[in-house]
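Note that the chains take the letters A, B, C, D, E and F in the order they are written out, and that residue 1 is the start of every chain.
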Amino acid sequence: MTGANSSNGKSHSVSERLLDELREGLPDGLIPAALFGNEEIFNLELRKIFARCWVFLAHESEIPNSGDYVRRKIGQDNFIVVRDEDGGVQALFDACRHRGVQICRADSGNTDIFRCPYHGWAYDTKGNLLGGPLWKNAFGTMSKEQNGLLKVAQLTSFHGLIFATLDPTAPSFEEYLGGMKWYLDLVFGLNRHGVEIIGAPQRFVVDANWKSGAENFSGDDYHLGTLHRSAWAIGAFPVPFADNMMGYHIQASPGHSLSFSMAPSEDDPGPKFFAYPQDVARSFDTSRISDEQLRIASRSRVFVGNVFPNFSILLAPMTDDGAHFPPTGVLTIRTWQPMGAGRIEAWNWFCAYRNMTPDQKDRVYRSGLASFSMGGVFEMDDTEPWMLASRTGRSVAAEVLDLKLNYQMGLPGVGIAKRAENWPGPGIVYWPRYEEGVQRNMFRFYCDMMRAEPGTWPKASF
Amino acid sequence: MTGANSSNGKSHSVSERLLDELREGLPDGLIPAALFGNEEIFNLELRKIFARCWVFLAHESEIPNSGDYVRRKIGQDNFIVVRDEDGGVQALFDACRHRGVQICRADSGNTDIFRCPYHGWAYDTKGNLLGGPLWKNAFGTMSKEQNGLLKVAQLTSFHGLIFATLDPTAPSFEEYLGGMKWYLDLVFGLNRHGVEIIGAPQRFVVDANWKSGAENFSGDDYHLGTLHRSAWAIGAFPVPFADNMMGYHIQASPGHSLSFSMAPSEDDPGPKFFAYPQDVARSFDTSRISDEQLRIASRSRVFVGNVFPNFSILLAPMTDDGAHFPPTGVLTIRTWQPMGAGRIEAWNWFCAYRNMTPDQKDRVYRSGLASFSMGGVFEMDDTEPWMLASRTGRSVAAEVLDLKLNYQMGLPGVGIAKRAENWPGPGIVYWPRYEEGVQRNMFRFYCDMMRAEPGTWPKASF
Amino acid sequence: MTGANSSNGKSHSVSERLLDELREGLPDGLIPAALFGNEEIFNLELRKIFARCWVFLAHESEIPNSGDYVRRKIGQDNFIVVRDEDGGVQALFDACRHRGVQICRADSGNTDIFRCPYHGWAYDTKGNLLGGPLWKNAFGTMSKEQNGLLKVAQLTSFHGLIFATLDPTAPSFEEYLGGMKWYLDLVFGLNRHGVEIIGAPQRFVVDANWKSGAENFSGDDYHLGTLHRSAWAIGAFPVPFADNMMGYHIQASPGHSLSFSMAPSEDDPGPKFFAYPQDVARSFDTSRISDEQLRIASRSRVFVGNVFPNFSILLAPMTDDGAHFPPTGVLTIRTWQPMGAGRIEAWNWFCAYRNMTPDQKDRVYRSGLASFSMGGVFEMDDTEPWMLASRTGRSVAAEVLDLKLNYQMGLPGVGIAKRAENWPGPGIVYWPRYEEGVQRNMFRFYCDMMRAEPGTWPKASF
Amino acid sequence: MTPPSEVPVASDLYARIVAWVNREAELLDAGKEREWLETMVSKEIVYQVPLRQTVERAHGTGFSDTTFHLNESYGSLMTRVVRNESGFAWAEDPPSRVRHFVTNIRVSELEGNRLAIKSNLLIFRTRRDQTQPQLLSGERQDVLRNEDGEFRLVGRTILLDLTVIETHNLAIIF
Amino acid sequence: MTPPSEVPVASDLYARIVAWVNREAELLDAGKEREWLETMVSKEIVYQVPLRQTVERAHGTGFSDTTFHLNESYGSLMTRVVRNESGFAWAEDPPSRVRHFVTNIRVSELEGNRLAIKSNLLIFRTRRDQTQPQLLSGERQDVLRNEDGEFRLVGRTILLDLTVIETHNLAIIF
Amino acid sequence: MTPPSEVPVASDLYARIVAWVNREAELLDAGKEREWLETMVSKEIVYQVPLRQTVERAHGTGFSDTTFHLNESYGSLMTRVVRNESGFAWAEDPPSRVRHFVTNIRVSELEGNRLAIKSNLLIFRTRRDQTQPQLLSGERQDVLRNEDGEFRLVGRTILLDLTVIETHNLAIIF
């Protein structure tokens, strides 16, 4: 709270104190509750996390043709993600260089020119300033080069996923991903066709902190048994809770974590390949991934992970109507846009492998919508505890009583999770999934980024 | 205002300056208007007042049976006030120790277990952690003792009134009350049966500062003549304004003040015993109070007081329908919950002596509701000036023009109030009620608390 | 953003840094975008601009009779502008001296006493404290002189326009106006009858920064061609865009700028005297202005200007229904009340020369309403880009990408505007209107005021 | 008592009730509270706004049947009217601007010449310069009785969709 | 003029008015302003949204009869339509999303083949990503005239429950 | 198909529909979702809340016909009911307080024994201590079919006036 802030008059000390407590508490799995509500921390996050890290903007399948654009967010700010006239992808800051007026008038569309409504400066799809009314009279010799739309510092496309960063000093995306790449390849490169987005993203606002979403998708499997207990009551999910806890927790690289639900043995009856239909599963091959990756995928029931800070993916078997339709694999992408210390704008995309039939894609979409969306039986419940936790994050009592949140599951001696032997992929791996190292990994990197001086970066590998 | 805050870049200096002005101005009855609107001051109050002082939570009659609970506030934060399995009263911070999720799902109820909706940690009515799903797998050897719900530092029950503080260094409640105890005994111990709460508390939100409520109940009788002038127009109140100014203003002990409306002579025709029905009045005795206290009560028409910071009580003759029903004594309890520098959540309880008949209690409830509630003819008007004052408290003009509020009534030479001779009770006492020493007393203690270092306390007696 | 504020823990450095950037960037026409959204800057503005500069309150024609009052704002705070019993004009801070309660209960009215609703203190129309109920008993000897309503430090009436300042050290209004006086005389003294307000002001709230309004009226003519392009589509405005760019941009004195739309030659067919009806134009004379001023007026199609900080006037030919009525001169007054870094309360008055016929005044009112009001075809569009610019002013991306807004039109070598020769009036004058020196002039004075120490003033002439 | 029987929307009776409801709202929004009380309300009116608490789904709606925000009789309602006419009712001077939006009107007949009316009520309320209204929403349950040819309000219960009321006072009639 | 006589809710005439009101709202919410103007509005329309000030109870409602937020004729309304069709009406491009909630409809007959219609109007308006709507509430007082068999809007006065309007423009039709 | 023909407001059929709409809202606001589903909804229901984007005026309303906030069948609606009855539906325990304000009802006949109903829907929703409601506004387009003498909801499309939804979940029925 800015309260904490004002309470001693040294507005910097609150965030510094909290970050010190974070660093000291992490080895013991203790995290100050105020990280989920303090305004000063949040304003730091916008600058030290969202203005520096690689963040997800869009998928290329959303802007197939030149001139296609979508308006997306980095932190709280709008960027125009547009397919330029040469077929390249641009991410342009949505602010006219004259008086700063936002010039993008739609959530998506197609255009060859962005014209500012105030005085009419016009920009092309690469952000170049083209001119304005009676240009010679008004701006004669002024440099157009220096007055084009501002752009992100770096941009990349990975399996069609467009990521960008505002920080020119950021490491390359590959380096930033580190070990996480192996796992994203496993999902997005599972067959030669790759994935595409179905429809436009759903957006909704939740009064919670973005880190609640990020840590949940980093591998919070334990909450299913309680929070999603109703899912079994309605047959929405095929694997019993205890069985579903079998699997791997993986700290792929600093900040990025994931989790697999996997049966102990290959020949377990449960779902294979996330319960994708047989004929789709048959298209999964090693054209773009290794045998190990394919084998892991074949045994997987659920994949859930988070690329720091706020890019989450989930691949799981779902159905909208258990009585009539068996679960199908559903791949969904989430971003948790930070709209305030206690405010998330959740973006929600559904994906399918390109080679799926229209019917199969429709099943994916319906099942996903009914399970993991604002109106879905799973997600409906997830937002509830996040709201209730962010309220605590704002509380003075938590500050005064020094409430530390508990991230101790899976610490040495706590529970049954153990380091996994001979796992073919990168990262620090535990079996089974009774552990929160995946969350501690996220917060360790978070802590390093929050303390990093401008221009400097924590190391991207263990 | 954070404005003041930012306006010179030294965010601590604003509150320090205001508190200096307060300390220097108080002897002359001058208080900076910004205390009623400045955000920085407010955030300090949450920490230095509400997180340290004894505050009211509930009355034992609201949770008679084991497992009964009500959700109440300390400052802005929720605590579960519950009758534990041994019949004791607990005040538990409503935040799960795992991820801080609030676990209390209702304003009141009865339960033997509080289960967190996120991962299922369960706590008993004493806040002890009982466990969660597949506990051994997940948290095996982790200490449950260290992961119980957090509690208030001290809690006490006084005439059934449950008070608590978050500060382990706070003096005992008796010591904190000091001279005020004598007067609360007089009201809550007026007969052997004591009082009980009627129904559940009413809650409403007013855009005002909590101190406006506290100072008003500390003994602002002078406002009746103007603000409540309509009350006489409708016969809601039996004592003419000027007569009603007769009585005593009492600074019972630092911070705590009260006021009695009392006729100059014993044999004045006006209401006795706050106009309680004769048969009720007959039950008032010295089983729990002294002859002096009983005699005072017998002569009293109105009792109004405030236990610092925000526990107000009023005992006065009221009727909902003067044409058909004579006024009856109505005892009401108020707390002014600080929801913002300009935002109060008012809580409103009505009480009756246990030995009153159902009809008498119904008259109390109806009369109280019609007089001192959100829809009551008195309270309806009170909130109006408080809102208009908090607007001034936020204003830049008040800051620039250096507006000091006037608390000079009853200062030496100002008005006719004089120190009272041979008053049987404790405290500094004035007659008649044309004075604001009762408010200055509240602000003197307020000033001391706001300046007190953590762990240190101003003295609780004159 | 307070974010920037907290992001480095030194809350003063953000505004200082931004003001340094402003000072350094201005000569090159570069202004940091954050000036249009930063909270800390805004809170400084309330104190260093609005609490010090001369601001407009009302026109004398709004309070003709003694006891007439209107409630108006200085910055965000209410002042009672009242015609006192001696026919003078008072501007009283709307806050009772007792507890700070606002005592003015209406937007306008007539009264001889302002009585506070809380305890009944009464004040006369000069703000003198008259007393309250049972005054002797309550406040006996207390000085009434010291407890009158607070007032503005200086107040003046200029052509019936009432201006005031809270700063006793402010220069006289004439000195403050400097060269701008010549131009305001030209408009408000255009005939012997002078102007009057038609009706009550319209008020509406826009999520934008007040400086967007001020800079626009300082002489942003270039936006008509794009933003108001629809105005020509509907025949609302008689002069083609390119022609309308002909005219003068005038930096009348530090902070105050204006612009004339004027045909290159006297005998241009276009509107004369702002297209006022012939018989009205015939009443324009030199009874209060010079021949030069009259000649300028005769050639003028549009006059638009801003008296720093937020008093804007526009005099232009308009019609509500081009098909049936020719345009008439419409004089409108605007104030941009600063309600937040991204929040303006716009006040909107229409004026007519006193000697106009009721029908002519009705045409003025209808035409103005249909053109320059919340529902007017011009103003409707203006608010849009201002909102979109203030969003950018709040953005973290603008901060991180260091977005500087462009005010370079008309800088040496940029466009065709040139210093005008032998212009009869004061100030720095350019022809034609392709330039933004008028805005730079506003921001130069803004910068000086924001950096000025209390009690010191930048010089009011070039 | 015999169960209430629904009054068809197509019936004249239903139409008369709609007119009654609209007339009432018009009077209240125009601040004509005395006219409302004297011409549309029964001397035996029981007018209640019960308190509401948040409770778990298993425990119902959370309304109290013993505690109220308002619990009025004809006498106490008249008291309010007199008060507002006193010229010293600061809480409502200047008055709030109140608008009653009454929708989803359902009518059924009760024995004893009485009608039960349910409607959804949205109250939009502003004061002074407020640009953001107070919104009060709930179900209104009325009982009307035919008293010598005229319908009179004999019972009104307001079931608010709120537990904490964001309003500085309840000096309004639902 | 003879006093207005109330049109019973049960009458066909009332029903026709309800249909008219609903059709109008549907056209306006769908942005079909030209169709509305050309098929439902009289050439002699007087369309006014008077200014409102906060005044003390003793001084009435605070509406002005000489100053307005909007004061439109057929010509000026057509101007708005043309403007929106011009493709350069930035204020409403992208357009607001507007919803008219019309309740408490009261109809009475005036002489001269005219009807007076009062209704309570709640407008819900959002733009772009706004999640919090602008809410405009007031009483709508219409006069309809039967012009060769069709009802046409000849008078409309919007009495808003607001003094300061929280909206960047009034580019909407009430 | 033949074009829909408007059902006059004065008709019995229209009146029956109004009663149907009011009964439905009453059931939903009272949380009787199973009763609603079993007595008022057709097994063949198609229930959709399409996604909306902000688009320029030239590009229409911005509704998607392929992507949705909700896209429900009878089976999936029953799933919701069962879920809420499971006792573990945390998202709605304690339940929201929901109020349906249904106005501007328009009815027309379709072939095949079906009726098209358009209405403006305002949903007022609060939870726990919230004093500020979530407000959801839109046009509701229903199709009712007469199934052995009873009207059943066979199609519902909610056209929201929002692009970003400010609600932690859509566990409500429009």
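In this section, contacts are C-beta pairs under 8 Å (C-beta built on N, C-alpha and C of every residue); 3 or more make two chains touch, one makes a residue touch a chain.
Keep in mind that this is a model prediction, so the values were computed, not measured.
Common neighbours of subunit D and subunit F (chains touching each): B, E.
For the pairs C-D and C-E, the count of C-beta pairs in contact is higher at C-E. Note on chain placement: the centre of subunit E and the centre of subunit F lie 27 Å apart, centres being C-alpha means. Each chain gets one centre point, the mean of its Cα atoms, and the points for subunit A and subunit B are 47 Å apart. Residues of subunit C in contact with two or more other chains: 2, 5, 10-11, 105-106, 117, 205, 226-227, 381, 384-385. For subunit E, residues touching at least two other chains, in rising order: 54-56, 62, 89-90, 92-94, 101, 103, 122, 131, 135, 163-166.
Which chains touch which is summed up as A-B, A-C, A-E, A-F, B-C, B-D, B-F, C-D, C-E, D-E, D-F, E-F.
Interface of subunit C with subunit D (complex): residues 105-106, 117, 205. Against subunit A, in their complex, subunit B makes its touches with residues 2, 5, 10-13, 15-16, 39-40, 42-44, 46-48, 50-51, 74-77, 79, 93, 95, 97-102, 115-120, 132-134, 136-142, 147, 150, 166. Contact residues on subunit E toward subunit F in their complex (touch as defined above): 12, 15-16, 18-19, 21-23, 25-26, 29, 31, 84, 87, 89, 92-95, 97-103, 122, 124-133, 135.
Those residues of subunit F whose C-beta lies close enough to touch subunit A in the complex are 49, 51, 53-56, 59, 62, 64, 66-73, 75-76, 79-80, 82-83, 86, 88-92, 163-171. Residue ranges on subunit E touching subunit A, taken from their complex, read 90, 93-94, 131.
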